[in-house]
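Structures given as structure tokens follow.
Across the two complexes that follow, chain A remains constant while its partner is chain B and subsequently chain C.
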Partner chain A sequence: MAVTPTAALVQTLNGIQFGFILFMIASGLTVILGILDVLNLAHGELFSLGAYTAIGVFGFIIGIIGPPGDGVVGTAVFILAVLAAVLVTAAILLPVGTLFEAVFLRQIYDRDQVYQLVLTFTLLLILLDVKKFIWGDSSIRTDAVYSAINAIPTSELVGLNYPTYNVFVILVGSAVVAGLFWFFERTKTGRIIRATAIDREMATAIGVSTDRVFTLVFALGAFLAGFAGAMAVPPTSATLEMGTNPLVLSFVVIVIGGLGSLRGAFVGALLVGVIRSWMITLYPPGEIAAPFAIMALILLVKPEGLFGTWGETA
Partner chain B sequence: MYWDTPMKRTTTDHDSEGIGRRQLLSAVGGSAVAAALAGCSTLLSDGEAADQGGQSGGEISDEPIQAGLLTFTRGAPGVLGIQAQRGAELAVQRINEAGGIGGQREIELDVVNEGSNPLDSYNQFIEEGKEVTFGPISSGTHSQIAPEVEKNEVINVSTDGTVTTLYEETVPDPTYSFRFQNYDIMEVVTMAREAVERIGADNISTVAGVNPGYSFGEDEMRVFTQAIQKLTGAEVVYEGFPELGASDMANHITSINNEEPDVTFSSLWGGDVTTFVRQANANNMFENTTVFGTTLYSAAGDVPGDALAGTDIYSGSRNYYWGLPALGNWQPGRELFDAATQQEGVTVPTAHYMSGYGAVTAWATAVEKAIDLLGTYPSQEQIAQVLEGHGFFTPAGYHNIAEDHQGASNSFAGKMVYDDDLGAARLEDVNTYAATETAPPPGVTGSDWLDSWSA
Partner chain C sequence: MPERVDRDGTPAYRFLGVEVTRREAAFLVLGVVFLFVIPDIASLSDSLQLSVIHQGLLFGFVAVGLNLLLRHTKLTSFGHAAFFGTGAYATAVLARYAGVQSVGLLLLGAIAAATVMAAIIGVLSLRHTGLYFALLTLAFGQLLYAIALGQSALGGSDGLPIRPGPANQPLLFGTAFSPDVYQVLTYYLTVVVILIGLFVMYRITQSPFRNALDAIGQERTRARFIGLPVRRYVWAAFVISGIYGGVAGGLYAVVRQYVRPEGTLFFLRSGDILFMAILGGFRTLVGPLIGGVVLVFLQDVGQDITQYYEFLTGVVLLILVYGFPRGIVGSLRSGGIVNARLSELRREPSVLSTWGRTAAQSIERKVTAALTSLRIILFGVD
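After this line comes the complex of A and B, so read on.
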């Protein structure tokens, strides 16, 4: 199949956009794994919970401000409202994460990892039933965001046929990446978290409350999952099973990047996104296999992943 | 609005007196149950329906018939499965209101989610002593349970599970396994013919496909390729198979935009249709191709109006489209539509609604016929014998279960548009295709039949 330069560019952008969504999910998973040493099987359900919650929050906030108004100001207000809705959704997930860590996980840190897997799988099933109880069996969606943002001209201005919502995801995703690295590299809380990850006993000895750090990290993971869910849902629908595939792909991403490495999650997510995108372009049947093939290759040549584990840098 | 058009009676005063009970019953299959399932029970005078279940001669117990339905009751596939469930429930309700099978035996329908272990759920039905099972929806599930149906010797009338090879390879000589709905080759050939009808064979030189990434989607694309190449000689320029429930179809859409095929074929269904149409519209895909799909209309109640605006989509609707014949001219269709839209989870009844309704109707009318012939309640083997070659009527029209155990009915296809008044999508300018145009003759495999077409 001959691919035109424009199609090649759009496919690459598709891959980057998908990669940023993957990073938003995988970052929470890898931070929890890197610092708490817990593989959170319920992370996909937190992502899904964010998607479901976002539909209500979008409806509420956009119901107040209405559709985008004319002109730059009207457009800017609408985009800010969407961003606010995404942040509110993510914030709603904070107490959920706090509750999970403080009530359930904290009781079993000293036990074998298999207990953590069983517990987080139990939480996965509980969240599945909670979603079913609240939102029912059928898929739900929001119509307020995707079309409205796509109506804002962006790529058309440079002669490209590319949905504005995807541009929005790339820009917001870039901001999330920058924000996370700034948080872990530049803020005191971020450094304390990293210090706890590097040496838990030493951190405790110098007065760091590991309980608080662990709760904060798990809540942060839930926040990122909720954020990702809110960003991912407008072009599609929220369904009960939607947490499964992102969880599996997030595992792939963090294995490629290095278990617990934020930097690795970023590179891994973009790698998976772009390679998957090109695989669909050049050999569509390889779509599902491509991410796993990359993972297998990395495990063979660099078993610790591209960036190793959480350490001196994020 | 056309669906609010006052119902035009299809009978005259003379009819109700002149045709009377006997002729009407004879016309629809010989019993009040058949009349009720055909949507004609209101043509009987008050009280007659409940008195005319069947001619059992009092040799039939009044023990309820335990029946099981395997269908998707949640998640993305629930968009189809719940339709089938509601259709089956309405059929059962009508049977019971008409006095039950043979005028004695009401049906108790147990609905179980097809889910991840459908074979276990099916076996549970058998262990519980179900006298008949209906479903499944999935082709994969059907391939699993059909051999079990033959082992257990308990009739199963599938609602869907429309994989072409089921009665060609998986269970080539079935006795107890039947399928009501038009199967894959029928709906795919319908859409190949529809593409030629709408665009013209001379204008189709390239085709692409975006189909679900499992056996159903691969089967449909393979059959479509074979059919469209015979009809037009077109070249396939792209085939994409997104996994079920995929949230991102942008890559497939970009590939189609790159190739600009004359026709894009799709067997996406349920929530995947909504995702595909929304993202395709956002990427201006409909400026580059016309989409023909077998099951796109399954998302009629889900796909939003803004996503369909400016699209160029033609969808099949298997063996039932609620708007044809026009409801104002078709009392059985009108009554079914009204009853269906009052059920939970049914915005408009789609083909999968008829899958459930028709599967129950096929079995129930066959049992009634067997009772009529035998004067007693028939065995599983006797019901199976009657089902072979059994013709019956539903509000969708006339159906036949052929000797190969495959149902054959007319197929429908039309342009998919959004209807603000309906609050759902509808089909516009609907074409009807006879089974002889879409299905191979008995004893011939789908592939051999397509191969035999002259170019």
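After this line comes the complex of A and C, so read on.
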């Protein structure tokens, strides 16, 4: 099948867009893994909880400001409102992560690792049914945000027919990536977190409260997962099992990039996103297997992942 | 014939390498007899279904295999449903495309497929330990799930029936039985397979191989220094544990006569299997089996009372993690924290008020600490 340059470009952009969503999920997971030494199996559920919550928040905020007004100002106000809604959603996830770490996880750090795995799996099961209880069995969706943002012309200006919402996701995703790297490279809190990742005991010795860092990191992970959920939901619908695939793909991303490496998670997420998206046009049955194939290859060639362990550099 | 030996002063018997005291022997006989009379009990009672117990035993058997890794090498596999599913799907494929009718041959096929699968996944994931290993096994398991879901030859999400050729069901001893008899007979087959499997596992835990695995689990580097071929041993343990999964998967397919990706390969299944091991007590031999029966039974009952049975499972797991970390068998054998508290309460009921006071104090302390932490996280130190 011949692939036109336009189609290739569209698929690549789709891949990059998905890669950014994946990065937001995987970055939280990888930072939690690198610092707390806990594999958070409930991370996918936090993502889908974010998606469900976002639908409510979008509805609420659009109910207040109404559809986008005319002209540049109206559009800008609408985009800011959507961003605010995404942030509010992510902020709602903060206490979920904080409470889970501080109340449940903290009690059992000194036990066998399998118990921590069980505990995060427990959270997964509980969140699954909490969602079912609140939002019911059937999938729910919101069209308003997607269609309103798509009405803004962007790619049409360069003669390409590409949904503006995807461009929006890529832009916001880049901002999140930049923000995260800035946070871990430049801020004091970010450096404290990295110091804890490098050497937990030494960090304690210079006066870092690891309890606080752990809570903060878990809350940050939940925040990012909620953010990703809110960004991912407008084009599709929120379903009960939507958390599984991103969770497993994030595992693949983490393995490719290196355990706990933020830079690795970024490269891995874009790689997985783009290759998966190319596969959809080139060889559809390979879509599911392709990320795992890359993972197996990396494991054989460079078992510690592309960027090794996190800490020394972000 | 049993031979009398002496174990720490108590008389014990040794038979086929199994060494038991008189009390343990009584439990053993009781347990085996109980397993064999379950079909009769189930036919008398409405609430107890043979198929539920049967399924619990099969998943418990996978957990017994998983336990070899968990207990000795300290490796947590989160993808054991992969081997269960491989066994089940191998059976289905053999029956459907090769027209194999005999249960024995189908099971052999399941074992072969699971062995190959465990060997491959083992090579790829055993370079790593700890969480990395858990993450890799989960990813590979989910890959198999995706393949089963995506391939139309494997039936996609509808799954595959196991109805070889003209026969309506696989043949036992070359004979076709009526469905009722078939169900009971396959149950007895399962019990026999499980007893053999437990025996083999017991012999493994009495062997130098187990000691080597223990050493590897405690400290890998040291184990390598004293000359143990660490990677080969761990790989062997992984394959053995995968074979247990394959056998159970094959039996599951033969019994249910239908395989679906959700029931066999989905990662929630892997989670279930891991928790069966912990629920029953992963430091014991039969614990995982009992955990399997209990968990499947609870989920079955839970499905009847509420649609939120995942929540119910979650709550059971929470109680388990905080109250009985050693699992059912482990807690029965040596009293856990709860047992100690209970006996204290029986001796002196007034201890309750002291507990209440300490609990209130510790909650108050924790809330204060949490508020301080929150303040510091939000506003910094000063």
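Just a few scattered comments:
By our rule, the second predicted complex is superposed on the first by the 314 of 314 C-alpha atoms of A that agree within 3 Å, B and C clash if a C-alpha of one lies under 4 Å from a C-alpha of the other, contacts with A are read in each partner's own complex, and residues count from 1 in each chain.
Simple rule for what comes next: a residue touches a chain if its C-beta (ideal position, glycine included) is under 8 Å from a C-beta of that chain, and two chains touch if they have at least 3 such contacts.
Keep in mind the model is a prediction, meaning the values are calculated, not measured.
Of the two partner chains, neither chain B nor chain C is touched by A:L83. After overlaying the two complexes on the shared chain, residue contacts for A:I288 are found with chain B and with chain C alike.
By the touch criterion defined above, A:Q107 reaches chain C but does not reach chain B. Of the two partner chains placed around the shared chain by superposition, chain B is the only one that A:N166 touches, whereas chain C remains out of contact. In the superposition on chain A, no contact is made by A:I198 with either chain B or chain C. Within the superposed three-chain model, A:L125 lies in touch with chain C and out of touch with chain B [touch as defined at top].
When both complexes are overlaid on chain A, the residue A:P303 reaches chain C alone and has no touch with chain B.
In the superposition on chain A, A:L94 contacts neither chain B nor chain C.
Legend: residue contacts after superposition of the two complexes on their common chain; A:F251 is shown touching chain C, with no touch to chain B. Taken together, the two structures place residues 132, 285, 288 of chain A in contact with chain B in one case and with chain C in the other. Only residues 1, 3-4, 7, 10-11, 14-15, 17-18, 21, 132, 137-139, 141, 143, 146-147, 150, 161-163, 165-166, 232, 235-237, 239-242, 245, 276-277, 280-281, 284-285, 287-288 of chain A touch chain B when the two sit together in their complex. Contacts from chain B toward chain A in the complex involve residues 73-76, 78-79, 82, 213, 237-243, 245, 247-248, 250-252, 254-255, 257-259, 271, 274-275, 278-279, 282-284, 302, 304, 306-307, 345.
Against chain C, the residues of chain A that register as touching in their complex are 33, 37-39, 41, 102, 104, 107-108, 111-115, 117-119, 121-126, 128-130, 132-133, 209, 211-212, 215-216, 244, 248, 251-252, 254-255, 259, 285, 288-289, 292, 295-296, 299-300, 303. Those residues of chain C whose C-beta lies close enough to touch chain A in the complex are 70, 74, 76, 78, 124-125, 127-128, 130-132, 134-136, 138-140, 142-143, 146-147, 149-151, 267, 271, 274-275, 278, 282, 307-311, 313-315, 317-318, 320-322, 325, 370, 373, 376-377.
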